[in-house]
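Common to both upcoming complexes is chain A, partnered first by chain B, then by chain C.
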Partner chain A sequence: MTDGTLGVRPLHHPQPRAQFARAWAAQKRAHRLQWLSAAVLMMLLIAISAWLGEVKPALLWDRLPRFGSYFGRMVPELALATLGEDLAYWYWNGWQWLASLWQTVLIAIYATLFGAILAYVFSFLAARNLTPAPWVGVAARRTLELARTVPELVFAVLFVFAFGIGPLAGVLAIGLHSFGALGKLFGDVAENADPEPLRGVRATGASWAQTMVYGATPQLMPDYLSYGLMRLEINVRAASILGFVGAGGIGQELYRAIKNFDHTDISAIALMLIAAVMLIDALCGWLRGRVIGREGLRAL
Partner chain B sequence: MSGRPLTRWRECRPELYPPRGLALWRRAAAVLLGLGLFLWGLDALEVTPGRLIDGIGQLGHVFMLMMPPAVTEHVWDYVRAIGETLAMAFLGTLVASLLSVPLALMGARNIMPFGPVRLLVRRSSDVVRGIDSLVWAIFFVSVVGLGPFAGILAIAMNDTGVLTKLYAEAIENTDREQVKGVRATGAGRMQTIGFGVLPQVMPVLLGNSLYFLESNLRSATILGVVGAGGIGFFLMDRLMISAWREVSLIVIMVLVTVVCIDALSRVLRGRLIGPVGR
Partner chain C sequence: MSLSSRCGRPNAAGAKRVLELRALTRRFGNATAVDRVSMAVGDGEMVAVLGRSGAGKSTLLNMINRLIDPSEGEILYHGRDISRLSGAELLAWRRQSAMIFQRFNLVARLSVLTNVLTGRLNHKPRLPKLFGVFNDQERDIAIDALASLGMDEHALKRADQLSGGQQQRVAIARALVQEPRLILADEPVASLDPVNSQAVMEALRRINQERGITVLCNLHSVPLARAWCDRAIALSEGRVIYDGPVGGLDEPTLLAIYGSAAALTEAH
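Then we have the complex of A and B:
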């Protein structure tokens, strides 16, 4: 770098065109080989998976009508003349279901809160640029990994055993899983935090905790809230099936209906659930838009 | 010049200072209301301190029962079941990814000019997405019988809904300048999509598909609860008979598998979309 050429080598070469052609051909060959090996590997994976997964497309094709009839039986008998009575008959247990649905939503909200608050703290411990000590970062990341790897339903079964049948087990199970999932997302965001504000706050003599609260939190909050709202949407869905193992919510009613082959009950509950999920998705989307602003959404 | 600089600053940016007067009361009322709502919700969920403490004690008891994990003659059954679980997650994600690209193109505002088609695609993806894969698994078990095939179909079904939405949003967020550039060369409709839109969304597509592979592995582990194959069947079975030490063995095996797949997917993601993409 000291010879004045700034490290740039002279460009001339005896046969520039021939050299280029050779390099081009070599690169093309390498590229083709890479694609070919990737394709072969993919095919192999598909073949092994299909064998292990007992895939039988013919069976699916044969049984497809059964799928149709299953849904056909779920359609309630509604006549325009007796619409009110028919609806009342279809939703014979409507108020009970509505209460369960409300409980499901509550479970999701509290689990998200519980998970998000814990994840907020852990994100600062886990982010490589913010962690107070490297070993704390490793420990925090392993904890988060553990929490998000165990499926919610497994946590739910354990917690139903420990805390008894009811929504509390559901809140804790989903909350713990959300803690792991959100902690990872939050940590990834925190690793991209702008170091300037942090330095500024630290320069005033702030402690680690103060630096996190006044330097990192303001710039990360919009992303955190956005992820939290997204998690809420996911958690409403998760809460809807926890009742399968006795952890509260509408899942209990749904499971009973499915087990007893009460087909119109299944459709009634499923429709309520879908409506609730859509409503909450829309609400979360609207809130997210407000939190991260038009700029962040890059709306058309 | 009116007042000292600090006062003027306070008038310009009141949000930087603690509230005073009416604003203070309003904030106090909001905090109280929030706290009240929070406590009311806890009451609705039947959460009491006593239950929490009892439960944590019980949990410790169960944990003690789980240790140490028991390695029995069933280990090979578990290994096969984990292989089945992996196969379910892989094929389910693959089918969903392949199906959702054309669906997402049909659901994106900047590709599909015909409103009703867009609405149909978006709303049906909402419905499919709103039903958990565990419920789909119950349906598919009744269609194709017990086994991992039902699980694959359930995962593929649920994910097609989710991925269609995500992909459609990614496609709507593409830069229109590049699309215009491709169109300016005289490209047709399909060519514009192929060379103007898809290259832009490819990193998002691949990244999401890999992310869903990870997440599906987790869902696949529980589909066995309803008879749709995989390790979940053994897990539930051992839980039901309170064979805690075998439960912990299965959980550890699942954990190891998930961590391996996550690492693999991270490497793949780095290779496929570069260090920037997540």
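Then we have the complex of A and C:
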């Protein structure tokens, strides 16, 4: 009682605390050894991969100023007295760039639509609870995997080769990748669909496709819309890069400027691009909030 | 006996047999939910299926609609084996044997009207319906069905804005527009309060008597079976242990169905 044992008498061991202290110390030693060997192994692996990958921290340090001077050259000459003229000179090709930027946004919108519509159909084939037959589900999931593991740039190179330089290649490349990514997300959401309305519709003699349209779609639409808008944000960013391989949009202008060492053009285009992406992100975020928000409020 | 004579159809012996189950069995793994059930239902009968939870009532009704496939046995409708149907014939059979569920199974985010119209999905033309297009004639059919249940004023509301009793009446309207020959009601009032329970049972009885539609109704409550049905079939552990007029459900029979006096009190 006096040593704080709460009056509980030990049943098996005369000294339970000493017994526990020994076991605990042993466990701690074992853990420390495991952790230490894992850390040593990890550091060894990092060193080996840096050596194989020719990562040289010294080089990074040496060349850092060069990186800074590149940015320095991108800064345009702006004076307060002649600000209007200076800006006009900086954005000498502004309207052309704006048109290209608009094309980039259109590429993203069409690609998202194309990908989302295909993904909508495939999500019902791929979801394990909705698929018309197990083998169809497996085939659909493999198709989606294939579409999303190939990067957009690889698709873009292929489509530029097939359909020529221009926005069509961009739409197809981003659309196909979006199909794979969205199909996976849609399918996962569809696997959580409430089975009761599905049975209700099925019991009326509705076909599989009708059951998907009337039983599954209404309950899944808010999630699908939300994911679709998020994909649109991602696709605007993807579309701005694809111009580098000739797939249309502002990327083509940016690539030309970089290639020709038109340093102030690079900064002009990059700033427009960043502003556009931020604007679209904000817009999609707001729309997404409305789609989810209304539903969320209903549940409370 | 007074109840069954009031209903005018004592039991299957008198009416023409339309639905016949022969040794119908369904197993889930090692468990046998429905065990060699044989019975015949006459045209226009209203039959209560009684039994404790897990007695196999729900599986039985779902097998008749073919939402669940039987393991063995036959389901004959007018002598035709339903248990082997597939493809378009299966869908057409589901249209003829309308289901009503304990939890209504409406699509929450669709309007009441659209929910009722889903009962027309198996009627031609089917392709426009895939894109949400129903013709005026079908809308009229749906509104008439809702009106017959006093629900027409709610047609444009979303289904999840209605109370449970209202939702079940919408589900009955969906069953009606299927133009079924048979209605299978799986615990239709188990989620409802007593007043709504009476309203829903009254609606089913009216449909049964006015339109001559055969009704099979899973029920938890013996008084409801006595009040609204002609005949009772009782299941215990998947087997039929009583088949006769509701008037014949005396204390010893009920004790056999519910196993103990305590469970029986609950069923009252």
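Basically, the second predicted complex is superposed on the first by the 244 of 300 C-alpha atoms of A that agree within 3 Å, B and C clash if a C-alpha of one lies under 4 Å from a C-alpha of the other, contacts with A are read in each partner's own complex, and residues count from 1 in each chain.
As a working rule, a contact is a pair of C-beta atoms (placed from the backbone, for glycine too) under 8 Å apart; a residue touches a chain by one contact, two chains touch by 3 or more.
Owing to the predicted nature of the structure, the values given are computational and were not obtained by experimental measurement.
*Asks:* Kindly say whether there is room for both chain B and chain C on chain A in the superposition, answering fit or clash.
*Replies:* clash
*Asks:* What is the contact status of A:L78 with respect to chain B (first) and chain C (second): first, second, both, or neither?
*Replies:* neither
*Asks:* One more residue to check, A:L36. First (chain B), second (chain C), both or neither?
*Replies:* Touch partners of A:L36: none, neither chain B nor chain C.
*Asks:* Should A:A47 be classified as contacting the first partner (chain B), the second (chain C), both, or neither?
*Replies:* neither
*Asks:* Pick one for A:L283: touches chain B only (first), chain C only (second), both, or neither.
*Replies:* neither
*Asks:* May I ask you to name which of chain B and chain C touches more residues of chain A?
*Replies:* B
*Asks:* For A:G215, using the defined touch cut-off, is the partner it touches chain B, chain C, both, or neither? Pick first, second, both or neither.
*Replies:* In the superposition, A:G215 touches chain C alone.
*Asks:* When the two structures are overlaid on chain A, which partner does A:R202 contact: first (chain B), second (chain C), both, or neither?
*Replies:* second
*Asks:* Now that the structures are stacked on chain A, which of 21-29, 57-65, 147-155 or 165-173 shows chain C clashing with chain B?
*Replies:* Stretch flagged for C-alpha clashes with chain B: 147-155.
*Asks:* Quick one: in the complex, what on chain C touches chain A?
*Replies:* Interface residues on chain C, with respect to chain A: 65, 67, 91-96, 98-99, 101, 103-110, 114, 118-119, 121-122, 126, 129-130, 132, 171, 174, 178.
*Asks:* Quick one: in the complex, what on chain A touches chain B?
*Replies:* 45-46, 48-56, 59-60, 63-64, 66-67, 70, 103, 106-107, 109-110, 145-146, 149-151, 153-154, 157-159, 161-164, 166-168, 171, 188, 237-238, 240-241, 244-245, 248, 254, 258, 270, 273-274, 277-278, 281, 298, 300
*Asks:* Mind pulling up the chain B residues that touch chain A in the complex?
*Replies:* Touching chain A: residues 41-42, 44-47, 51-52, 54-56, 58-59, 61-62, 83-84, 86-88, 90-91, 94, 109-110, 126-127, 129-132, 134-135, 138-139, 142-145, 147-149, 151-153, 172-173, 218-219, 221-222, 225-226, 229, 235-236, 239, 251, 254-255, 258-259, 262, 278 of chain B.
*Asks:* Enumerate the contact residues on chain A facing chain C in the complex.
*Replies:* Checking each residue of chain A against chain C gives 196-197, 199-207, 209-210, 213-215, 218-219, 221.
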